[in-house]
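Structures for review follow.
Presented sequentially are two complexes of chain A, the first with chain B as partner and the second with chain C.
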Partner chain A sequence: MQTLQIKNNQSVPVSEIPGMDYGAFFDLNTGLVDRKSQRHCVNYFGIPDGGRILLFCCIADDDEQIIHLSSCRVNPTQKYASFTARLFCFEKFEREIHENFGINYSDHPWLKPVRYAFDRADKSQTIANYPFYSIDSEELHEVGVGPIHAGIIEPGHFRFICNGEQILHLEIQLGYQHRGIEKLYLKPQKLSQLATLAENITGDTVVGHSTAFAQVWESLCGFETTPNMDLSRIVALELERIAIHTGDLSAACTDIAYQLGSSVYGRLRTPIVNFMQEWCGNRLSKGLIRPGQDRFPFTQELADRLSSILDIFEPDFTEMNKQLFSLPSALSRFERTGVVSVADAASIGVVGMAARTSGVNRDIRSSHPTGLYNEIRHEAIVKHHGDVYSRVQLRKNEVIQSIGYLRRLIAGLPVKTENIGLKSPSSNMFALSLVEGWRGEICHCAITGTKGELIHYKIKDPSFHNWLALALSVRNNEISDFPICNKSFNLSYSGHDL
Partner chain B sequence: MFNNIKIWFHQGKQFIPDVRNVKVPGIFRGRPIISLETVDEKALVDCCPTNAISTSPVAIDLGKCTFCGECAFRFPEKVVFTTDYKISTNERSRLIIKEGIDEPIVLNKNIIPKDFKSMFGRSLKLRQVSAGGDNSCEWELNAANNVQFDMSRFGIEFVASPRHADGIVITGPITVNMAEPLQICYDATPDPKMVVLCGTDAISGGIFEGSPALDRSFLDRHTVDLYIPGNPAHPLTVINALLALTGRE
Partner chain C sequence: MLSILLIILAAFFFTGIIIRTKSLASGRKGPGILQPIRDVIRLFRKGVVYSETTSFVFQLAPTVYFASVVMAMLVVPFGQSRGVLSFNGDFIFFAYVLALGKFFSIIAALDTGSSFEGMGASREALYSMFAEPAFFILMGSLALLSGHTSFQEIFAYLHIGSQISYALAALATFVLLMIAMIENSRMPIDDPKTHLELTMIHEVMILDNSGFDLGLILTAGYLKFAIYGALIVNLFIGVIPYQYAIPAFFAIQFLIAATIGMIESFMARFRMSHNPQFIVVLTSVSLLIFFGVLLILQKFI
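== the complex of A and B ==
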């Protein structure tokens, strides 16, 4: 059987996506991914289809710059062989399909709830009685943390099984942030509401998610972005990356009790987010990206302003880096802490920053570029040790890389072209968009019905893949190193829970 | 050590000396002013993603507004967002800005509990609960404590346990899955305590209003002492709101 091959941001009639029986679907998709590091699953989800469930699997091929689509109709009352038994990278996707539609798998090793969605198939399962893994031993103890954490962060429950100070196992239970976003997309809504929803998926990746939504919508409407829209989006995405990476360097310093680094990186984030406010009126870029619009054109004045902000930012940032990365007390906390091995990373299918720090070169900016990423020819920074140090280094290096891109991008602004109005979405289409947010790849998929209305909207934040990497990274570490491991990933709860 | 001192010196002065009157940079969207111009009111109401605009008289409910600025884009002659960031109050109705009115938003002093100033006027410890928030208000609450905004100079700090807290700050629209943890956290906070809603999502549900995944019954059972609008709320909005509530405008 063959898949339908599409490019990033392309939309195709749903009827063209090849459907097949489950056996062929299983062989095709697991065969595509198995032992092929250039391919991974970017989305795998189901939609209800008159008593049956229609599954769509989207496998990205980074070398060929294409995405393989295939589909399969399954019966929720039957049991199926799970992809996960063969390849762990499908683990979360199958759990989600099981939770939403009650599809049973005969050999899934870890068929537990994902987020306790309000419309889950089995309402008897509630978030208060999650089936935690436990080990019966007098030598071991359990530590439960959350859902409400000590800091000002989002809720989630962490259950550690420890031998003394050493972590043997960590299980992460999420779902507290579940707001039913995907279902809100299906209510008859105005475009401004849909765009606002995209901005509120997760507040630290506003540009990433709103760009993914805008691209999906524009693809459905057959809209071509203008050069000035492309510029606004890429500048905003890279600024978001700089702001969050800098903030996370501050948080990493806080967690090793290095006060100077914490304060300096913390205050360095401010000029970047304040620039976003000067540009679009919101420090976290809400209101900036809209489908078919360049709401706040990036003017020469803004370019000059940004360039002077970066001129002041860069030496201060570099000075602090030099100090932090030569400080033995800091390095001894970072190095060899929270390791995700290259083999584990590849096997569980991590994406984005977490992949690149474990030797897996996975970056949508270079593998499935859109807009101006085609021109800047991004080359991903890859680290190989998979420890906290790699993740801290990667953040530092990506900030410097992004500053370089920004300087090139704003050196010559495109001539402003007027937008041609946005039409309404075509009917019976499937659209997919991949965006490399600061955390990793964001994937939005949309399916339209006979009148061009949305009949399914699927959001995948990179955290969906990467939470498992955090759980694996802390094994055999001291429990006191959990905060620094956690911060080095800084995964999203709201992006996962939706 | 010398390097540390050098870096410290290079930071210059970072803190904002006067957080009550400092001007925010750029085109911040704070308190709106609605003129008395006649516009197509149906189109004006329709353009809002969160149904924050009502008519006769034309008014914007800052408890529902996501500050996206769509109305000001479409009807610049009717709606203008000023950079006034002091937009918090303790009475829900005061968040509704009516046309033709350009007055600062203030707290209703008569309904602030009498002991707030004496109890919390010099030290206020808060427990934050993210109940379905998108992490944007959380970023800004963290920023309120960075070296620039430095909220702790006023003795206002976030603490790790509700048992150490004088009140809770809720962000997010309150999901079904967080309803119980939120209630437990509230119960664990000793009296007297305050309830602060931070961000549009918390005040009205925002863009998530009406989602079946929400359970906002907590707010029916408890009195809210402070509403801090914004999407997310700006650190200066947060600081000024807490200062006003504890009698320190």
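== the complex of A and C ==
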């Protein structure tokens, strides 16, 4: 059997996606990913289809810049062989399908709840009776952290099994932030309301998610973006990357109690987010990206202002980097802490920053570029040690890289074009968009019904895969190093819980 | 008697100066010097909330802890003036009355049944255990050098004359300062500012304390710092008249607080597993002092 091959942001009629029986579907998709480091699963989800479930699997091929689509009808009363038994990277997807539709897998090793969707198949599974992994031993003890934490962070429960100070196992229970975002998309409402929903998927990746939504919607409507829209989106994405990475460097310094780094990086983040305020009236860039329009064109005045902000930002940032990366006490906290091995990273299918720090080159900006990323010819920064130091260094290097891109992008502004109206979405279409947010690959999929209305909307935040990487990274580390490991990933709870 | 007044006065400013130094170093204005005292006064006016899982041990501990620090304060001399209590071997009393207070705070933390507090308690117990030999080898060496066994007599007869004794005083200052950092849970051993329960040592042990009890614990902490500061001052002011000694006392206390503030601003804290290594190093520095004393007394070789 063959898959349907599409490009990033392409939409195809649902009927063109080849359907097959489960055996062929299993062989095809596991065969595509197995031992092929350039391919990974970007989304695998089900939609109810009469009494049966229609599964869609989307496998991205980074070398050929295409996405393989295939589908399969399954019966929720039957038992199926799980992809996970062969490839761990399908683990979360299959758990989600099991939770939502009650599809049973005969050999899934870790079939636990994901996020307790309101209309889940098995209502007896609640957040209070999560089946934690436990070990019986006199020497070991369990430490439970959360869901209410000491800092201003989102809720999530962490259960450690420790031997004294050493962590043997960490299990992360999420789902406290579940708001039913995907279901909210299906309510008939205005386009601006849908765009606002996208902005609120996770508060720290506003540009990433709203760009992914805009691209999906434009693809469904057959809309071609104009050069000035492309420019606004790429500038916003890179600014978001700079702002969050700088803030994360500050937070990493706070966690190792390095006050100088904490306050200097914290201060440096401010002018970047303040620039967003100047540009679109919101420090988190809410309201900036909308399908089919360029609400806040990037003008020459803004370009001049941004380049003067970057001129002040860059020397301070470089000087602080010199201090931090030559401070023995800081390096001793970062180096060889929280290692995710290259083999583990590849097998569990991590994406984005977490992948690139463990030697897996996975960056949508270079592998599935859209808009101006085609012109920039982005080359991903890849680190190989997979420790906290790599993740901190990657942030530093990506900030410097993004500053370089911004300077090139704003050197020549495109001619401003008028907004052209959007048509309504075509009927019975499937659209997929991949965007490299600061944290990693964001995937939005939409399926329209006979009248062009949304009948399914599927969101995948990079945190969805990467939480498992955090759980693996802390094994055999000291429990007191957990906070710095956690911060070095800085994953989203609400992006996972949706 | 004089020493108690001076220690209480120093305790008023000590923590405030550390906080102010850190604020200035990070480019902030920072709270007033007396803010820690204001916080404590606010806490003293409050009631106390006890967790239902705790027993009388938890209620008793803050008082015992505070009392132990006050008792330790009584034996600290100031130059020629004795402490309120002064007897042979009072430095042993000093160390173990503080240890008693620590013991109570550890069992109170265990009493809460929280896994965080249990971890904090085990860390605190381990680090104090490692710090103990350093203190006793240091005080033992000084006792050997002066031929006396009470704080006041040791410090009064400790005259700094030869080059070796300068070196000894510098090393002793380092050891006492570091013990003060360990005992008071400051950087680079512990981070008093952190909100991360998993990395805390002292802070996590008092998570369940509130109101008046918390006020007592904080006050004891401020006093403890000033007490160790006073011990360091005593190394230098043995025979100096009061009109110079008292300003010197405050100057040295200020210097210590500012140094701690600078250390906390410009370095990261140690990885937890490096702490025991660091603390054991203090014992070897104390051994250096011991050998230095043997050299001076010509008992060596």
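Everything below uses one rule, namely that the second predicted complex is superposed on the first by the 498 of 498 C-alpha atoms of A that agree within 3 Å, B and C clash if a C-alpha of one lies under 4 Å from a C-alpha of the other, contacts with A are read in each partner's own complex, and residues count from 1 in each chain.
The rule we apply is simple: a contact is a pair of C-beta atoms (placed from the backbone, for glycine too) under 8 Å apart; a residue touches a chain by one contact, two chains touch by 3 or more.
Bear in mind the structure is a predicted one, so any value in this text is a computation, not a measurement.
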Subject >> Superposed partners chain B and chain C on chain A - clash or fit >> reply: fit
Original post:
With the two structures laid over each other on chain A, which partner does A:M320 touch: chain B (first), chain C (second), both, or neither?
Top reply: first
Original post:
With the two structures laid over each other on chain A, which partner does A:W467 touch: chain B (first), chain C (second), both, or neither?
Top reply: neither
**OP:** Examine A:L260 and indicate which partner it touches, taking first as chain B and second as chain C; both and neither are also allowed.
**Re:** both
**OP:** Using the superposition on chain A described above, determine whether A:G287 touches chain B (first), chain C (second), both, or neither.
**Re:** first
Subject >> chain B versus chain C as contact partner of A:Y116, first or second or both or neither >> reply: first
**OP:** Kindly classify A:S492 by the partners it touches after superposition: chain B alone (first), chain C alone (second), both, or neither?
**Re:** first
Original post:
Should A:E154 be classified as contacting the first partner (chain B), the second (chain C), both, or neither?
Top reply: first
**OP:** Pick one for A:T196: touches chain B only (first), chain C only (second), both, or neither.
**Re:** first
**OP:** State whether chain B or chain C is in contact with more residues of chain A in the superposed arrangement.
**Re:** B
Original post:
Once both structures are overlaid, what angle do chain B and chain C make about chain A, taking C-alpha centres and a multiple of 10 degrees?
Top reply: 60
**OP:** With the two complexes superposed on chain A, say which partner A:Y44 touches: chain B (first), chain C (second), both, or neither.
**Re:** neither
Subject >> Nearest-approach distance, in Å, of chain C Cα atoms to those of chain B in the combined model >> reply: 6
Original post:
If you lay the two complexes on top of each other, which residues of chain A touch chain B in one and chain C in the other?
Top reply: 150-151, 260, 263, 267
Subject >> In the complex, chain C residues that touch chain A >> reply: 22, 25-28, 115-116, 118-119, 122, 187-188, 191, 193-199, 264-274
Subject >> chain C-facing residues of chain A, complex >> reply: 141-145, 150-151, 164-165, 253, 255-260, 262-263, 267, 327, 329-330, 332-333, 337, 478-483
Subject >> chain B residues touching chain A - in the complex, by the definition given at the top >> reply: 3-4, 6-8, 10-11, 14, 24-29, 46-50, 66-70, 73, 81, 127-143, 146-148, 158, 160-161, 172-173, 175-178, 180-181, 185, 201, 206-208, 211-214, 231-232, 234
Original post:
What part of chain A is in contact with chain B in the complex they form?
Top reply: 116-119, 127-128, 147-148, 150-155, 175-181, 183-184, 190, 192-193, 195-197, 200-204, 206, 247, 260, 263-264, 266-267, 270, 273-275, 277-284, 286-287, 295, 316, 319-320, 323, 492-494, 497
